[in-house]
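Two complexes, one shared chain (subunit A), two partners (subunit B, subunit C).
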Partner chain A sequence: MPEKPKKSISSLSERRKRFAWLIPFANLRITLTLLSFSMILIFVATLEQVRIGIRGAQAEFFESMYGIWYYPTQFWGGEYFDSIPIPIPGGYLLGGLLILNLLAAFITRFQWTGKKMGIQFIHLGIIMLLVGQLATQAMQEESRMQINKGESKNYLERFHGVELAFIDVTDAQTERVVALPEALLEQGGLHYSEDLPFKVRVLDFGPNCEFNSLPPASKAKGPTEGVNRGVIQSANLEIRPKPEDFSSEGMNFGYVVFELLEGAESLGTWAAISHPAGNHWWAQINPKMGDLAFQPIRMNGRLWGATLRPEREYLPYSIELLGIANEFYQGTDIPFNFESEIVLNMEKNESRRALVYMNTPLRHEGKTFYQYQMNKSADYTVFQVVRNPSWLVPYIACILVSIGLLWQFSFHLVRFLNKNSGANRAAA
Partner chain B sequence: MNKKKKSNRLRILSWLLVICGLYFVFFPNKYTSSSFFDFFKGEPVGTDESINLDAFSRIPVLRGGRVKPIDSVARNTLLVLRNKRTAIDSNGSDVPAVKWLADLLFAPERADSLKTFLIDHDQVLGLIGKKLAKDGKYFSYLDLEPFVEEIEKSAQEAGRLERENRNYFHQNIIELYHGLVLYRNLKTTLTPPPHAPSSAVHDHSRLSPLFYNSETDGARSDEYQRFRNLTSDLANNPEKVRMGNNEAMGPLMYFIDYYARYNLYAEFFPLPPEMGESGGKWRKIGESLVGTEPLDSKEKAKIEPARFISTVQALVASPDEELPNQIKSIRQNLKMDPTALFAAQYAEAIKLRKGVDPIIENYEQLESAYRAGDAQTFNETVQNIREEINQRAGAEISTIAFEKTYNGYEPFYRSSIGYLWIFLIACASWLISVYLKPGDGQSGAARTLLNCAYLLTGLVLIAHTFGLAGRMYIEGRPPVTNLYSSALFISWGAVVLCFLTEKFLRLGIASAMGSLIGFGGLVVAHNLSIDSSLNPSGDTMEMMRAVLDSNFWLATHVVTITIGYSTTFLAGFLGIAYVFSMLFRKLTRSKKKGKDLDRTLVSMIFGITCFSLFFSLVGTVLGGIWADQSWGRFWGWDAKENGALLIVIWNAIILHARWAGIAKVRGLSALAIFGNVVTAWSYFGTNMLGVGLHSYGFMDKAFVPLMAFIGSQVAIIGLAYLPAFFSLLFKKSSKPA
Partner chain C sequence: MPAAPHTHFWKLALLLAGTATLFSSCGEDPEVRSYTAANHYEGPVVSWVMPEQWGENPGMSGMMAGSFHIKTSLGPRGRIGVMPFRESVETTQIVNMFARELGHPDYNESSVQPLIAHKELGDRSFEVIRLEDMSGEEDPPKTALLALYRHNAQTWLFPFIADRALIDKELENFYSFLQSTTLRAGKTPVRAIAPSLPPAQPASSGHQPTWEAPEHWERKPATQMRVGNYAVSNEAGEALDFSITSFPGEVGGILANVNRWLGQVGMSPTDEQGLSQYLSDRMIDEKPAKLVLAESDEQALYAAILLHKGRSWFLKLMGDVNLARAEKENFLRLIDSFCLGDH
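On to the complex of A and B.
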């Protein structure tokens, strides 16, 4: 019996010899420090959600190496301390260091014996959870899909991010769309495509703005100063850029100012604004601005339309909404069901019916459609659509952690029972 | 001899205590009307001589989405209005909830003089010209009646403010106004508001012969019957539905409008679904006469009169079998068309709603019998109503009798008092063990009391467990469904663990700390139940929102995470026990048993923290899986999720600090006490932020208690280091000398 532990110790000591440089990284005090900093990070980021919203806090603190926190004015002594910037280590920094610390501990400190195997599993699971979360934050895409009853949609819209789309509607049967994604708009400069009869020079772009219509005599200042074509010019709109609002109710009106060129000759300068709830709303706000959904441009006998809209992703399948149900408990305003009845029309003319409701999303081709919002009187439904290629990782991690915990607990239980029965025997 | 006598006396005392406990847990007392054995007995039989309010309180009605006995409606509304389950009459004695409600429904002038409203904010009292010191804090409707308009005005002004900007006066005045509305709605649930036809629109001479006339009519249902005659005439002769037929259409429009509006002034649904009706909707009286308005009343202005009348006529003229489908089709396909929607309501009122529900007539008989004190008629009518409902309501009313007894048993009230006693007994046992001289039978005496505390814990735990199980049976849900029930469950979990610990280690520490958490948790639960911003209906068994409507996840994620809270609190309270026993030993300079006690406490804290880590980790991970199933992300950095993660990390810190040898006895205790702060934050604090998916209600009232709790925990951690601090000072000053 005494040989067994000896063997494992020797293998551990061998490992410690070979990876001696890792030993300082595996220190438990480092773990404790990192965990304590994680507590501060999570606490501060939770508080900051009130000010900048969940997405804002996520970008500032969790998806960064460090975040800057200002002591809240509402707190005690806030009027004196609120201007001091306090750096807080960010999620990527702490997560990365914790992974390093755990890996080092795996190599130089953990005993790979049956007795300690549970601990290995638990920590392996935790490494996977951390890595999985990092991967998710890097890869997960969230979009929305709004469908009116009786209609069918084959594209998703991003929650954040806009595109400048040029749509050729000359043929009644088909539309040709060329879109400049937000990344290109941010980059600015001159863009051209074989499918477009003109070149596009992006002069200005912003994720959010305020706008107002000026009286005809006065001249717009700011980004739209040089605009001489399209709705912005005819409605004499002035734009003031604003920072992007990350809060959950945030309404971001993205804008872009662009010049179209044929060869070297300028065709004029346009501007476009995107409405966060969809560009069809412009006509409701002001009939003059209705064309923001489609600013016509005639070119070589073809009719093009320009619009700035939420970035779209076209799908090889479409979803048709048959009906919605929104039920409440009788005599209360507590909903007990939100449900959309849909038909999923896939490639090869296959189709199937499905019900999407709370806790029961539709999964198809790596995307998951969740019931998100619904308007009963206007008869439309909104799905949140998520593509998360690493969705399986947390499940595997959970299984590992569970095995580990069970292993460790049964070990303790068996030992406890043995000890007790031994004690009983001794007492007898 | 002396020794024996003393311990005998104590033994008798502890048996007496246990017997008192038995009595207190199982039998009725002044504050709890049912005993444990009532659950197994049938309904008490009333006599013909007295009005049987017990039978009346068992009539099922629907309120807050759930079918419940009238007894629950009475208790819950009083809980909202007065934070108690009784009212007070002019002599200052308590009026049971069901008596109060019977007065309010059938003889409102009696109820109006009962003290029903709690007002304890000085500014609100000032508004009605009262002083706390002179007039007390309980007021009747009559006291408030002259100020109703002023209260309404102030409440509406307060209501226009953003939530964050409301001060205590604003909150209190809004609450008082809601209370008044609730009171008036209860009053008009069975009795419609008075007629007030506007003379500009209606021909009063045509209407008044139809109105209820207390001199010529036997009951108000005579008016309903006259309205039914009017509609059945139209149903049989659809050609009479036309413009210009003022004789029939004028009264029709007035009554449909009036009865539909009456729905808004009724607090609960007294009428069960009709016999053989699928879907099983309960109805208010107005609804049973004319249905409900399809849209907000303002939308009536958009009706096109000609098309409206022709649609109503066409619908009424269509055959009986087809009408329901036609109405359904309008409601589904013409949601933006007020003309068609209101026409559908009219067609339903004219043709589909038939007769006057016999239960309406029964309730009117109940009213006249109650006012006249005619016990025999009252009791018979109650019986008739219950039989009729039993036949019509089906399985929905299977838990009514249980719920009625459960209300009277008050398991959590019993348990909270019980826990307080246990805590005192455990403390007494320590005092005895310290102050009795060695060899004076002290170990025996202390042990007797400890056994007594242990037995009592078991007894009270029966009541507490039964309370949780009863809620599960009534709701058909796992134990934790809202903040209120989480407080019940947290305290229960801690007491169970302590009970088991005490079984093996009869030190009294687990008994004391378990009962302390039990008592604290139940007090928190009580305060949550009377917070009308969290619990506007007063019913702690409210319905679950769609996203939470999953018994599987409630039973797994919510229960494990709550056990995690429970064990973390327990570890923290054991830490507190260590700090105080350590200080006590330092103050009394007693050395005995210190090391042993410390070692035991440390191993208890350590073991329970292992449990905490397990449950909070598993619970958090299960929550992640639920979120992945429902929203498509495993983790969303939501405030409550972050709170749960903080608990997991903190427990991991405690365990790793112990393994690394950084935290010894005091360090471990201090860390565990800080665990209380972390748990309190993620349990309550995150809800106060008002962001994210888990914010169930803005709980600004809980802010001060939460801060006080956190402050006290930090102070106790400070106390833990006080001796070390002093000895450091002492050493420094002694060195130069």
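On to the complex of A and C.
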């Protein structure tokens, strides 16, 4: 059947003519260069992870177009070179270029022939892997849900990122929440909502701070200098901004200073601090700071509360914690099993019981609830909740690459065996 | 025929721009989010609609809910407050707090009854008590209009202190303000907060208290609330605040006052049993008094409480714990030197 390959070759040469401008980008040297840079990136990010933590290294080097690396003092000649900023191509740049490179190769060399089919599958799989990783970074959300035994929760809290929430609790049954996410707090400026009786001007925001209570006679300096309302003023708290701690054990106390306005008239300036373990801790740290969980603001007969808290996502269902169990290997502190017995209360009064334990998460409505932390003495459990719409993509990509490799090796093996047996026959 | 190089350039630029757009469009634009959820707030809810002619006094926070004045052509006049109490408080107790200030004799359960009127506002009933200054020093006389609302074993007090003419003029506004209030007891009780009384000077008996303060304590001007006012500091930047104040009556009692102070130095409130760890007896000016000594890791509170002839006297030192310890002897010497001057 000589026609088919000819047709395929002819369609390939037409495609190569049409996409001639892509041919330089399909160069294998580019692929190897990009892969080399990827290895350098991983090496540098691994070194930097010690200094700035996993999340810091991820943000600086992988979730960016480029990162800046300073030659380590401990390395040879470090005392001379440690102050030189070295730009390193970031994950977005290398990933984007690799996708471009692979796409170009795919378009300019694609041939649907038995000989090349395995290669095409491998390319397609790797492209899917890269695109899937990009989609995961863009869409994946990681949150936590802490539930006390006997109670139920219907919201998640983000691991990172805070929101300035104004909560109207005047109605006994429902509360109205108006929340400014961290991205808006970083932007600063004036923000409106038709659900708020006032405008909010964000004057200062920081992801982390130190704070201390000053004696009554002292005056606070720094971000809280102009604060004249609320807990920060009554407790005479002074805030000193700190860089965000990216380490896994890092405790970041985000802060915000904001002014409320009714029309053009200022109602005062408040400040709020977010406790990384939850704002209910403030009252236990210091009673006069307890209102950081809810700073009352009264407007037009309504009681609003202002608080800076981890960003929340409310769910159309709730999870009730019935019980927890944690087991350790005998005579050690090494966990053998953590498990939480829960009831998932869904809409239409439907419910189902489930056991969530290590490596056996609960999956519901696109979210996966992993057993994350537990405190037996305090009787609470914490789930890590992951939403990743593209979670299937890496599996599909791996299957494609496997099929491609299998096909390619099998094809060549069969050809070799045929050729070998033909040569043997000829020799015989 | 192969395409011209500049055509390639534009195609590449378009491709890169498209990729960049794809990257940037992956994140959502931040926006203010608004939603409703089940109400999990466990604190008490106290809110109101303030009449247009009123202004709010700044510096109020926590459950000590609100303080207002009336805007007049002469400036802010009068004082209206919102005071939630943890538990049901007897009317006599509240009336006597204000009555003494206005020159009235102490009331008891039966003698206070003629003063109480009931005002129905919406579906709620308020006790209303009007007390006028009996000293005759001011014309029109200083007047206290007290409105009390009781619900679920909690008491809300709304004192309106002003001259009689202003109270009469603002009466309708005061009632519409009361009617506008939302008062809901929370799952957590209102904290014991000694009511913030209208500014009160020591009884004008002609006798003024005296005391001997250490020379290095910086004397500051007396204020409407503070008969004695001092600041103490050291080179390390640590500071203390010392004050002598006086109020008619017991001002909520020892427990409520100590809890308020403990809160100011960052310590947890206590109960009747736990109070004894901070309290000891001491004689001041040959009268039995209470000494309060409390220290946290950072702050300290030393105070003396003297109740004499229907008035409470508070001598209070508060601030950084290290400096407070260094000044403790000076503080004790000062309270030992304190003399009311009435004998």
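Just so we're on the same page, the second predicted complex is superposed on the first by the 385 of 428 C-alpha atoms of A that agree within 3 Å, B and C clash if a C-alpha of one lies under 4 Å from a C-alpha of the other, contacts with A are read in each partner's own complex, and residues count from 1 in each chain.
Keep in mind that, in the parts below, a contact is a pair of C-beta atoms (placed from the backbone, for glycine too) under 8 Å apart; a residue touches a chain by one contact, two chains touch by 3 or more.
Bear in mind the structure is a predicted one, so any value in this text is a computation, not a measurement.
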item: Fit or clash between subunit C and subunit B when superposed on subunit A; value: fit
item: First (subunit B), second (subunit C), both or neither touched by A:Ala20; value: second
item: Touched partner set for A:Gln111, first subunit B, second subunit C, both or neither; value: neither
item: Apex subunit A: angle to the C-alpha centres of subunit B and subunit C, given in degrees as a multiple of 10; value: 110
item: Touched partner set for A:Ser234, first subunit B, second subunit C, both or neither; value: second
item: First, second, both or neither for A:Ala57, with subunit B first and subunit C second; value: first
item: Overlay on shared chain A, then closest C-alpha pair between subunit B and subunit C (Å); value: 16
item: Residues of subunit A at both interfaces, subunit B in one complex, subunit C in the other; value: none
item: Residue ranges of subunit C in contact with subunit A within the complex; value: 2-3, 7-8, 11-12, 15, 19, 23, 26-27, 30-41, 43, 45-49, 58-59, 61-63, 65-66, 180-182, 184, 231, 233, 238-241, 262-264, 266-269, 298-299, 318-320
item: Subunit A contact footprint on subunit B (complex, rising order); value: 62-66, 268-269, 281-282, 332, 335-336, 542-547, 549-550, 553, 614, 617-618, 621, 624-626, 628-639, 642-643, 645-646, 649-650, 652-653, 656-657, 659-660, 662, 678, 681, 686, 689-692
item: Interfacial residue positions of subunit A with respect to subunit B in the complex; value: 28-29, 31-32, 35-36, 38-39, 42-43, 45-47, 49-50, 53-54, 57-58, 62, 132-133, 136, 140, 142, 248, 323, 328-332, 334-338, 357-359, 361, 368, 370, 376-379, 384-386, 388, 391, 394-395, 398, 401-402, 405, 409
item: Touching residues on subunit A, where the partner in the complex is subunit C; value: 17, 20-21, 25, 92, 96, 99-100, 134-135, 137-139, 154-155, 163, 167, 169-184, 187, 191-193, 195, 213, 215-218, 228-231, 233-234, 268, 286-289, 291, 294-296, 298, 300-303, 305, 314
